[in-house]
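Questions regarding the structure given below will be posed in turn.
For reference, chains read A, B, C and D in written order, and residue numbers begin at 1 within each chain.
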Amino acid sequence: MVQLIYLTTLLPLLGFLFNGLFGSKIKNEKIIGIIGSSTIGISFLIVVGAFFQTLSMPVDQRQTIVNLFTWIKVGNLDVNVSYQVDQLSLLMGLIVTGVGFIIHVYSIGYMHGDKGFGRFFAYLNLFIFAMMNLVLGSNFLLLFLGWEGVGLCSYLLIGFWYDRKFEKSTTSDAAKKAFIVNRIGDFGFLLGIFLIYLTFGSLNFNDVFARAASLNIPQYVFNFIALFLFIGAMGKSAQIPLYIWLPDAMAGPTPVSALIHAATMVTAGVYMVARCSIIYASAPAIMEFVAIIGALTAIFAASIALVQNDIKKVLAYSTVSQLGYMFLALGVGAFSAALFHVMTHAFFKALLFLGAGSVIHGMHDEQNIQNYGGLKKYMPKTYVTFLIASLAIAGIPPLSGFFSKDEILWSSYADGNIIYWLIGVVTALLTAFYMFRLVSLTFDGKERFGHDKHPHESPAVMTIPLIILAVLAAVGGFIGIPEIFSGEHGNQFDNWLEPIFQPAQAKIAMFGVHSSLEEIVLMVVTLVGVIGSIYAARYIYIKNIKPAEKLSKRFNGVYNLLLNKYYVDEIYDASVVTPIVKGSEIVLWKFADIKIIDGLINGVANLIEKISGSIRKIQTGVAQFYALIMMLGIVAALFWIILSL
Amino acid sequence: MINNYLITFLLAVPLVGALLLLLIKKDKENLVRYFGLFVSTLAFIISIIIYAGYDSSKGGFQLVEKQMWISNLHISYNVGVDGISLLLVLLTTFLTPLTLLSSWKSINKKVKEFTFFMLLLELGMLGVFVSLDLFLFYIFWEAMLIPMYFIIGIWGGPRRIYASIKFFLFTMFGSLLMLVAIVWLAVYASGTLGHFTTNLVELYSIAPTIPYGIQLWMFLAFALSFAIKVPIFPLHTWLPDAHVEAPTAGSVILAGVLLKMGTYGLLRFCLPLFPQAAIHFAPYISTLAIIGIIYGALVAMVQKDMKKLVAYSSVAHLGFVVLGIFAMTQESVQGAVIQMVNHGLSTGALFLLVGVIYDRMHTRLISDYGGIAKIVPVFATFFMVASLSSIGLPGLNGFVGEFLILLGTFKSPVLDSWWFAGFATSGVIFAAVYLLWLYQRVFFGEVKNPKVNELKDMNKREIFILSAIFVFIIWIGIYPSTFLKISETSTKKVIEQVFSPVNTGSK
Amino acid sequence: MSLQLILFILFGTISAISSVLMITRTNALISALFLILNFAGLSGLYLTLNAQFIAVTQVIVYAGAIMVLFLFVIMLLKPEHEKYFSHQPKLKIFAFFIAFIVFIQLVFMIFVSHPSQGNNANVAASVKAGTIEEIGKQLYTNYVLPFEAAGYLLLAATIGAIVLAKKKFE
Amino acid sequence: MNIPIEYYLILSGFMFLVGVAGVLTRRNAIIVFMSIELMLNSANLSLVTFSSYMGNSTGQLFVFFVMTVAAAEAAVGLAIILAMFRNKLTLNIDDINILKW
């Protein structure tokens, strides 16, 4: 099974080609949907097979390299298309294909009747292809191939309904923004790759990491590599200051938001940093930087999510915030905690998005939560699953979110800084609050929509994926039960990933001495706070809407600041985008290019024309005059001869 | 044995074809078109045979034919290919039939003359790439201008006269200096070798012994001529005009092949002949190349005319190639060579696509379009792939070249600074900006211009042309080794010539 | 004073004076006649130089053929009389001045280089060189190619003259 | 042969410069043309002089060819004057300035 791992990229690629080339000709949605989903389903089975095969191997042999063919070979550079099957890539592969498969199935229902049905599945398959390359690639270049590939699919899928209005313009604007912001990140990533090649002379993970651990390399080089790579991660995983594209990415169809912009693609940055853990471990300053960015992003995005009214926007900012958590974890060296959160987040955030999709589907494309209310009696399955997911993200035991979030908070306290922990906790409280604001406004309370809307439960093809995901979101945390509860087995999840992070962990001084009592106290404190904020949210938004309104009026400035997302988009627009566009047009093109460079050249031409224009007057056309001049010449010539006699 | 005449045969095909074409009656336009297509396809087949006959593991000039021409001056008809020129020969013969095919419907007046000039153009371009004698090279280099001048001047847009004269004067200006340098070199050779010669292989052995101070001037004379052709910022202003005014086929050839002659010249002549000067000037030219990358991209971003946008993007792309050449590492030079081919394919494809839509709407202004993805989905898809290839998406051809160039620049001992690669890499952002913005404004959004509703999607002929290009776009993206292998030993040799101990010793 | 010198002075004076008169006459016809006189003087000078063939040819070709052509054209066209110094007189004086300067320079050069000094003229060779026999021999042996070329030149000139002078078909 | 060669040369030079003066000052195209013939003849005189004094016939052969050229020139030149007169109805070369820019 491990050797067949290339099928997990090949099959989606074939699915993409089939649906892309023939999708528009085949009118039958079933065929398209089945082909699109089954390629991913089979891939999932292969990954599962590979997983169990790997599990049966001894711990130190759990890495397999599947070499396919030489990609680029020039000079010392030798890059193969080869897949690395190990604990980390299998974990990511399981998430990608598993959640991917569920979302594919869900999309059959969600996209029903859309004109671009075939195109949609083609893009989704292409996405899985790219994402699998990203997580399976055994070198930085293949990682980058997937990295860019998922960016492309994200672009294509955000702009899927390219003629629809979205906010001030169209969805294609959002798509373009996503791609370009990602490109800014890629710029850093590319520099990182170059520097890696320059430093280690190879781009293969195994070579690079082995050399990083053994060679004596100056500190600043590590810092630069780590920093450049992290810039890439900032773009892909929507961290400050490059997070701006993700909320806009919600312009795409909801399954896309679930798959790409919540469960898989945006976690690519986390995966990449985790993959390069040894490099980061060698650059403590950058680790600190990662933690700070993560923490800031977490609380910053959560605060914006508090007041948003678009159901998907809330979830988008929530995603940004959760990604911030993951980077916080990476920054404090808790790599496996970050990945654990990647996994649980994939479950519950995908579920949330799919649930939101189900609501939007049932409410005929209405997305404003102020126009919902009391939907739980119309769509009970959606409600229950959505509630589970909300509890999970809020971190209520024993749902999955509790374990992963707790592990991050604990690590940030234990290995980082009390401030990280505080930010984490505040973010957790905010998360619980906005999630339950969302749940309350959507499913509880009075119905605030017009009579023309007839909310209905979604078909089975959509609800079954919801249920599956709900189960996963509920129980997914048990594979990572912290040591203090599970006893001598320890944290299963950590144990599985331990060989990957072992070299990095060895470099960072890990786990200062902390008592388990401390851990439990912190856990309880957080839990109490979270429950309190859930209660507050439910109280305010179901029973008594007044305080919220009063509050928002009283702090009108703050409220508007949050509602307008701190005006970051506008600031970027005014400080970066407009100057570049206007500067290019007015200064570079119209002035430098046309006036100066071209003007200089045309000026020379004109000058010559003018000079010759005046010189040509000498040509009177009277032959005698010419003869006279000739004679003058003869005089001069003879004179010269006479002098030399 | 026949191998020795293969290249002469390759040159003869378009020449004889062009002459035979003159015998066809003017009004038999379709016959003329089929004949032109046949001749150029034949040239392509021969170039494939040349490829088959070329041993890429050996490197060096192969399939060489040498006939003394002006024996007193040791000027010979000397042709041959190495890995670098072979790739460009293949590109030329590949693109020419496609461009002829693309102008099947769009060129209606003076079809015979058009086909004639296209074949002559092909001859000139092939001659430039296969010449191993500076004198012969110079003849082809200049001769190629003439058909291009007419192609722009007769079948061009409204400002074609201005554009064609500008094109002609610009390139002419540079090449005159080159002529002076060639003559100087030949005279220098007569001092060292005892006889006047323009034979490239002989000059390779003696040119590096030219005193450093004179080498600088020689280098500049050659480089200026090539820099105009490439074009390197700030000598690029002929390019947008020529591109915009030229007919589609002209633009494709101009972007696809003609610009490559400049970079090819840098690689074939400037570097090996004047290694010390090249090393001395490398940082300056690289700086100009990087300015070109960023400047070209920024100016492309704000263009209102699609063709002009693509033209400025060429400035940026060729900046990468020049950077790669002057970084002088194996990776970057290989990248530059493959990027020459890439640019020919992807920019050629973009020009063809703009031509396709221009044939239907007779406007290239971006603002006249919008939302046409729904109306012409096939066209939209092709345009998307071509744009992505130009942007440098991994898995397509553009990435391989750009990546190698940047990687090589990063580790270049000649430039010896991260800044070059750092700034150049920012070009990847801008490329995405201008192309995606173009794409968005043309294809996405709502239909604003009611005329576009009647647009017809691409027909079979157009699909065939672009598919042929896309095969290679994807091939190079996924399995570039096929092409990298061809030029590997040749580029290695160029770098060795630059850094050979003799040169560094005599400094 | 030898006869030769007397003849030289006679023919030289005729040539010089007639040339000056030729360029100063307002009537083209008179000018042409003076030019013929000048050619006749030249022909005489050639005889003093033992160049019989050239002397005869001079009379036949120049004075006979070419000048007749001139006279024909002059009479055909009836050119108006021109007022000699009326138009741009300064320029004309300047032209004469220049011509004079060049003449001085020439004379100076001739006297400085003094060609007659090292010249031990061989009369017999000189006489032989001027005979028709010698010239004919040279013309059909060493100079046969230029001779043919001259023939073609004349043919071309004939055709050219016809083409230029004939009235256009309208 | 007792006349110094200088005499002939000076005479030749004098005639040449008279011809030059004629070309430069006259406005009648035919007279200008005749002045040119005068210049040719002065050159012929030099050639014959040298030929005779050196006992070598080459100079005289040259004169022969010069005469051929002069004949051809006269024919074509007069034809041009004719054609010109037909177009412009003048022989005044001040009016014939089509060489002007």
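Throughout what follows, contacts are C-beta pairs under 8 Å (C-beta built on N, C-alpha and C of every residue); 3 or more make two chains touch, one makes a residue touch a chain.
Computed from a predicted structure; not experimentally measured.
Participant: Show me the overlap between the contact partners of chain B and those of chain C.
Facilitator: A
Participant: Roughly how far is chain A from chain C, going centre to centre by Cα mean, in whole Å?
Facilitator: A distance of 100 Å separates the two centres.
Participant: Could you state the distance in Å from the CA-based centre of chain A to that of chain D?
Facilitator: 94
Participant: With chain centres taken as the means of their Cα atoms, state the distance from chain C to chain D in Å.
Facilitator: Averaging C-alpha atoms per chain gives centres 6 Å apart.
Participant: Can you compute the centre-to-centre distance for chain A and chain B, using the mean CA position of each chain? Integer Å is fine.
Facilitator: Here the centre of chain B sits 37 Å away from the centre of chain A.
Participant: Give me the residue numbers in chain A that touch at least two other chains, ranges are fine.
Facilitator: As it turns out, chain A has residues touching two or more other chains at 628, 631.
Participant: So which stretches of chain B touch two or more other chains?
Facilitator: none
Participant: Enumerate the residues of chain D that touch no fewer than two other chains.
Facilitator: Chain D, residues with two or more chain partners: 20, 24-25, 94.
Participant: Just spell out which pairs of chains touch, all of them.
Facilitator: A-B, A-C, A-D, C-D
Participant: Mind pulling up the chain B residues that touch chain A in the complex?
Facilitator: 166, 169-170, 234, 236-237, 295, 298-299, 301-303, 329-331, 334-335, 371, 373-374, 377, 388, 393-395, 399-400, 403-404, 406-407, 410-411, 418, 421-422, 425-426, 428-429, 432-433, 436-437, 440, 443-447, 478-481, 484, 488
Participant: So in the complex, the part of chain D that touches chain C is made up of which residues?
Facilitator: 1-11, 13-15, 17-22, 24-31, 33-35, 37-38, 41, 44-45, 48-49, 51-53, 55-58, 60-61, 63-65, 67-76, 78-83, 85-86, 91-92, 94
Participant: Using the touch definition from the top, list the residues of chain A that touch chain B in their complex.
Facilitator: Residue positions touching the partner: 24, 69-77, 141, 144-145, 147-149, 152, 155, 159, 162-163, 169-173, 175-176, 179-180, 183-184, 186-187, 190-191, 193-195, 197-198, 580-581, 583-585, 588-589, 592-593, 597-598, 601, 605.
Participant: In the complex of these two chains, what residues of chain A are touching chain D?
Facilitator: Of all residues in chain A, those touching chain D are 616-617, 619-624, 627-628, 631.
Participant: For chain D, which residues count as touching chain A in their complex?
Facilitator: 20, 23-25, 32, 93-94, 97-101
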